[in-house]
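Data first, discussion second: the structure below is written as structure tokens.
Residue numbering begins at 1 within each chain, and the chains themselves are lettered A, B, C, D, E and F in the order written.
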Amino acid sequence: MPDIPAFDPIFDRELVRRALAEDIGRGDVTTQATITPGTRSSARIVAREAGVIAGLPIAALAFAQIDPNVQFETLVADGASVTAGTALARVIGDAAALLTAERTALNFLGRLSGIASQAARCVAAVAGTHAQVVDTRKTTPGLRLLEKYAVRMGGARNHRAGLDDGILIKDNHIAAAGSLTLAMKRARTYASHLLKIEVECESEAQVREAIAAGADVILLDNMTPDQLRSAVTFIHEHAPAIITEASGHIGADPEKLAAVAATGVDLISLGALTHSAPNFDVALDFDS
Amino acid sequence: MPDIPAFDPIFDRELVRRALAEDIGRGDVTTQATITPGTRSSARIVAREAGVIAGLPIAALAFAQIDPNVQFETLVADGASVTAGTALARVIGDAAALLTAERTALNFLGRLSGIASQAARCVAAVAGTHAQVVDTRKTTPGLRLLEKYAVRMGGARNHRAGLDDGILIKDNHIAAAGSLTLAMKRARTYASHLLKIEVECESEAQVREAIAAGADVILLDNMTPDQLRSAVTFIHEHAPAIITEASGHIGADPEKLAAVAATGVDLISLGALTHSAPNFDVALDFDS
Amino acid sequence: MPDIPAFDPIFDRELVRRALAEDIGRGDVTTQATITPGTRSSARIVAREAGVIAGLPIAALAFAQIDPNVQFETLVADGASVTAGTALARVIGDAAALLTAERTALNFLGRLSGIASQAARCVAAVAGTHAQVVDTRKTTPGLRLLEKYAVRMGGARNHRAGLDDGILIKDNHIAAAGSLTLAMKRARTYASHLLKIEVECESEAQVREAIAAGADVILLDNMTPDQLRSAVTFIHEHAPAIITEASGHIGADPEKLAAVAATGVDLISLGALTHSAPNFDVALDFDS
Amino acid sequence: MPDIPAFDPIFDRELVRRALAEDIGRGDVTTQATITPGTRSSARIVAREAGVIAGLPIAALAFAQIDPNVQFETLVADGASVTAGTALARVIGDAAALLTAERTALNFLGRLSGIASQAARCVAAVAGTHAQVVDTRKTTPGLRLLEKYAVRMGGARNHRAGLDDGILIKDNHIAAAGSLTLAMKRARTYASHLLKIEVECESEAQVREAIAAGADVILLDNMTPDQLRSAVTFIHEHAPAIITEASGHIGADPEKLAAVAATGVDLISLGALTHSAPNFDVALDFDS
Amino acid sequence: MPDIPAFDPIFDRELVRRALAEDIGRGDVTTQATITPGTRSSARIVAREAGVIAGLPIAALAFAQIDPNVQFETLVADGASVTAGTALARVIGDAAALLTAERTALNFLGRLSGIASQAARCVAAVAGTHAQVVDTRKTTPGLRLLEKYAVRMGGARNHRAGLDDGILIKDNHIAAAGSLTLAMKRARTYASHLLKIEVECESEAQVREAIAAGADVILLDNMTPDQLRSAVTFIHEHAPAIITEASGHIGADPEKLAAVAATGVDLISLGALTHSAPNFDVALDFDS
Amino acid sequence: MPDIPAFDPIFDRELVRRALAEDIGRGDVTTQATITPGTRSSARIVAREAGVIAGLPIAALAFAQIDPNVQFETLVADGASVTAGTALARVIGDAAALLTAERTALNFLGRLSGIASQAARCVAAVAGTHAQVVDTRKTTPGLRLLEKYAVRMGGARNHRAGLDDGILIKDNHIAAAGSLTLAMKRARTYASHLLKIEVECESEAQVREAIAAGADVILLDNMTPDQLRSAVTFIHEHAPAIITEASGHIGADPEKLAAVAATGVDLISLGALTHSAPNFDVALDFDS
């Protein structure tokens, strides 16, 4: 059994159970038919390409849920940067259990390592600047916490985890509330005093209003690097405590990221970290 | 409420509910704080790029679960090929409901339309040949049926849905059973007479053995186009009823796909259909 | 704890938990009131009649869920043919746990052994012929996989497990599709290439059409032995690869089964295997 | 939608949902492949033999859960005694919905009507006597409340529903407690004052002790009719307020039942009411 | 892991899991941020006031669910009467686990010990009389069985656990049935013979009718001590087997309780036992 | 059906369903036995004492879940201050539905209105000062969001909802991290930039360190009014942006609250708001 707590919102046992149930359905008929009960196997999980690993505890859970007697030995830690061919874990146990859990374990590992690797590339692109790369809520339905974990494993940071642990007032909220100032005021009154308030601004006028209204964070959306630099400078001069964030179709392109980072903005949020990270190629190789 | 049956394994209400719960947590504090109860809005879901759409019934479910009084009018059907700027649906109702459901609805729609678009590109790449593009079990944990639905919307076909609705004997099964012939025999005895048996072959010797053992389908794994063509020709000559399938790191590259299709193989299975499809860009635009 | 994997679609822990909850409700008041905590007992599960046993792992699970410290030692394996008076298992542990789990464990065991015994009787009735006895989807709601397991323990075989792992085109499908040929064609296009197609036929004309349309299996419904023999002979002559199945109110009567088997049909499907198997009499005898 | 409350422990929506999910799995591929969307059908549920009906609300739920637009018109009420050929309900709606829900609906109806018919036969066998036929806890795991409902529909009565809504002290409880008297005393102290106490007795000495200890009900187990008569007479003379119950391998044989009933016992409990009732033959006939 | 059975309707693991999930949400960010993984701590659960303890097994479960390696040593048993400053349990393990589970464990313990202490005070108030203090169904939604357990730990007794394990005919039932006598008769016919029947009476006429109709228990509602004494005396004279119960805004005041108890009534039911028991002050003190 | 969205974390349908299931078990035998099906009743929910109401939507849900045809007309809104005798809602429908749902509806309403009334009393006690009354995480397990809703209905404000939507560094976190400064730094690095950081301080030295480390909020625990005033003054002078909070056994006593509020502290957090609010007396009166 992997060495993670029994109750952990990130490494959610029920999520793994659903994934296994989805793949196995009423039973792995091929394995049941062809494998003699009691056969034992050993295998290694191997990276087929270079990247940053995330999800080994989930892969371990997949095997453990099929059969708690499967031994799963982690050879590298989540967050490790590996080359193609690196063995990530060693798996020993009932051959049928290994074959039945294989695809589910690899599907998690491929997706999460894909995100960690994408995050690591983006973080590298802004190296040497002040900017931090953060994720968004554009995650795969059902995998939010795991994908945000993978983002951290890749060296980037997390934005809010959901609609309840941070306040981000967008254009539509402002329109419905009547004004940015009014929306800010209501948010302060309603929410716990432990939540900061971020406001999306698309113009200098809005930035001024946000500063006056006491925003804690200003999101600068869909701006060119020049517009961004100008807005960031303005905010730094008039309200140095305010955190600045850039967003909007920035994508994972290193040059574009570097240009945005060079504007002095504090945070760059990227949907592409999670929603368009290509799968990381990983396989289970049985010892012959 | 979208016009889909109440009980549908594909458009799984519980899946949508979990996705909403994951995003909303204890409540959408921004919306609750800033939007006056009773405010109504109308908005359109708009494609920001060209592609094939999948997931509108799921998007509709997301809004309906937040508030069954939201009107969701589909403007194009799933499977439609659209251009950038096309309005996909019209959404009218309580402003808070629209704002709260927005991200979950778009996360489903972006992912599924991304897959449908990827599938459509791959199908186009083999046009004019006999080959059919099929998916694999390399899907996002928890989203298997939805992603396989998106594959169909993109014009490709589905391989088995899980380990229980088809028999696919791989190298490790053969090794553990002792021989391909023995594995085949056990599978025939164990499984329902309604399941066909597919065997993975990596050499001509294995192909011969599979034919002799009565395989219904032969999977030709990790072969070059030339090897594939040779194997397919051999099978067609010796056992014309057998279906042939090519797999193994083929990817979504059109030229490579065309080359594989030209070998005469019946099916080409592609993990990249589902595990590496880039997100489709789609947004909810509120009417001002 | 019984030696079965933690995740097993057949020996479903949640099913056992629901059965226990259903029986125990808010607590076994009699046992709580009368048994001094810490009292230990030993008991044996004993067959009260002759038959074939199925369900011991489920009985073990029932005790284990009440108290994981109960020792459950299986004395015969599922599938064993036993005489009246045979001890099937030995159970030792907390007296209260044994008393509370007793009825649930026996309810499973009585029902599943009843089915296994029924299956064994039917298999015996066709001994010496080519025919195989298979079950149907006429199972107890919620117990499908367990009952199909019991059928296998009794020596019979399983038909498809559900509506998703096999295609069986019946008269109503044909009527709605317009023709048998059209229904067959649509089925080939829609379904995974790993599912065979079975067609229900009630006349020689339909049999001819099914053969022409490429059916993999033909279900001959509600025919007399003479009609069956004629149809089977016809199919063997014209399409020897096609599997034949007889169904329709055949029941568990040995003579009738023998007559059907003598027609040369490949499979005989029997709802009575599962829906009308009498309970197998089994008890928990405490050591005095 | 059937006219039953949304929250009803007997007509449990979740139970029906699980039964449908078990049968449908990932989808009814035959129906999806062959039936043109939008096709409508009408059909009748027809009894194929004579008996007492139970379970129509559950059958209705099965159709309603697949598609709430299916019309389900009940033609006879649960509890009705019908002849072979009687139409029990009319079902009109989407053809695919009817075909997909058919088996689940009939599986419930066949089992529950089988039990109701069995109960009615047993009640008829004791007609003219004082005795009442009651069920036991020997029910199908997961279907307890439905099966007890079917028993009532057949005219028999229910014993306790579980281990928590009645106290029944058996031999093992007595042994573990030290004496019948002590077990009775503890039960009175522990349990709510609204639960009666029943004690299993196998001898006249035990009957005397039970009377002295203040039993509310005495269960006379595994006695011959003569022994029963003697015990009942003794109890009536010495403690007329005590209810008497006969149990133990009595079975559904009418003559045996009549003999037991003639002893003057108040209640006859029969496991065979639920665990060995043969399925009731019922079908869904589509209108051509 | 606490030494309680795995399946226990009272110490319900799922209830504790929901409570933890409710508090932890997506993760204990403070602890994750500030505590170095691997840090170990020891702490004691300490009573901050005098009272009767209930809920230690639930507190143990809370820690065990977060981390099964946490050692939880109970220092006093549930039901113990303690003074302020008494250490109730010792908890040793991963510091993060202790900090994360702390509040949930204490919330259960504070509430349940509050109820046990309240019950003990009420029981003390009627000491020396014949009367027993019982609870009601006025419990916290979701915590019924735990709160009734706490009542027992405080030395009081439980009334029925729900609407299904006892019959209590109230004024509205009588009004709807037409008469008390008719309601009694229907209840006898419908319910299992193991449930007693209690009837609420508000006048001597009703008491007479209840006696004649064969009530097992009579609930005397909203009467003064004098009225109660008169009714109890009347019942004792005319039907000594009937149990009497007083209810209705009696509250936890010792003098009022003593006055009611002095009337000779058998049971006094108190909503205030559960719905208005003040929280018991208890804390987790880390060893420095 | 009450006019609340289908998906609402606060008015959680599943919570109400569990509460009903807990009370009803296998069925309301009294009502089923005594009430003729089809009987209709009307009734009013009436306050039996003065206070502030919370929970009417939950009460409505309880009736709606039993029978969606029950009409529930709210006569006062949640948050209303009412006198004894005020009718809160009118309920009309099937008599059995009303009787079965009654206790669950009232249990929610009594508890939540008890909390709202307690909150209103505390808010009144600090009227005229700058201080705001806030709740804590000392809520009933499973009812967190409802109880925090009731707190708002009573006019007080909510502290964080759980361990994930705010950072509160307590003494044990500081001890484990090594220093307050280090704990603060780690928290800033780990958590989303939208969460503020609160630090518990017990001395002026800690207050200085917290200010220097950039705390957003300072919790002043277990201080006398004089100590509090001194600390608040110090903070206002040295870091006017910091929010101050007082906590620690303050309780609901008005005079003590007024004294704390007079110190100039911004927030006063009170566990007694939720964990020790006496039940609000409310009843369902049937129209005769």
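To be clear about the criterion, a residue touches a chain if its C-beta (ideal position, glycine included) is under 8 Å from a C-beta of that chain, and two chains touch if they have at least 3 such contacts.
It should be emphasised that the depicted structure is a prediction, and the values quoted were computed from it without experimental measurement.
If you take chain C and chain F together, the chains in touch with both are A, B, D, E. Interface note: chain B and chain D, two copies of one sequence, contact each other through mostly non-matching residue numbers (shared numbers fall below half of all numbers used). Centroid analysis (C-alpha atoms only) places F farthest from chain C. The interface with the greater number of C-beta contacts, when B-E is set against D-F, is D-F. A straight line joining the Cα centres of chain A and chain F is 33 Å long. As a whole-number value, the distance joining the C-alpha centres of chain A and chain B reads 22 Å. If you average the CA atoms of chain C and of chain E, the two centres end up 45 Å from each other. Annotation for chain A: residues 24-27, 145, 161-162, 164-165, 167-168, 195 touch two or more other chains. Chain contacts in this assembly form a complete graph, since each chain touches every other chain.
Of all residues in chain D, those touching chain C in their complex are 15-16, 18-19, 22-36, 39, 41, 95, 99-100, 103-104, 106-108, 110-111, 114, 137-145, 161-165, 167-170, 172-177, 183, 186-187, 189-191, 195, 271-272, 275-276, 278-279, 286, 288. Per the touch definition, chain D reaches chain E in the complex via residues 134, 157-161, 164-168, 192-196, 198, 216-217, 243, 245, 266-267. By the touch criterion stated above, chain D contacts chain B in their complex at residues 17, 20-21, 24-27, 64-68, 94, 97.
In the complex of the two chains, the chain F residues touching chain B come out as 5-7, 9-10, 145, 161-162, 164-165. Within the complex, the chain C residues that touch chain F are 25-26.
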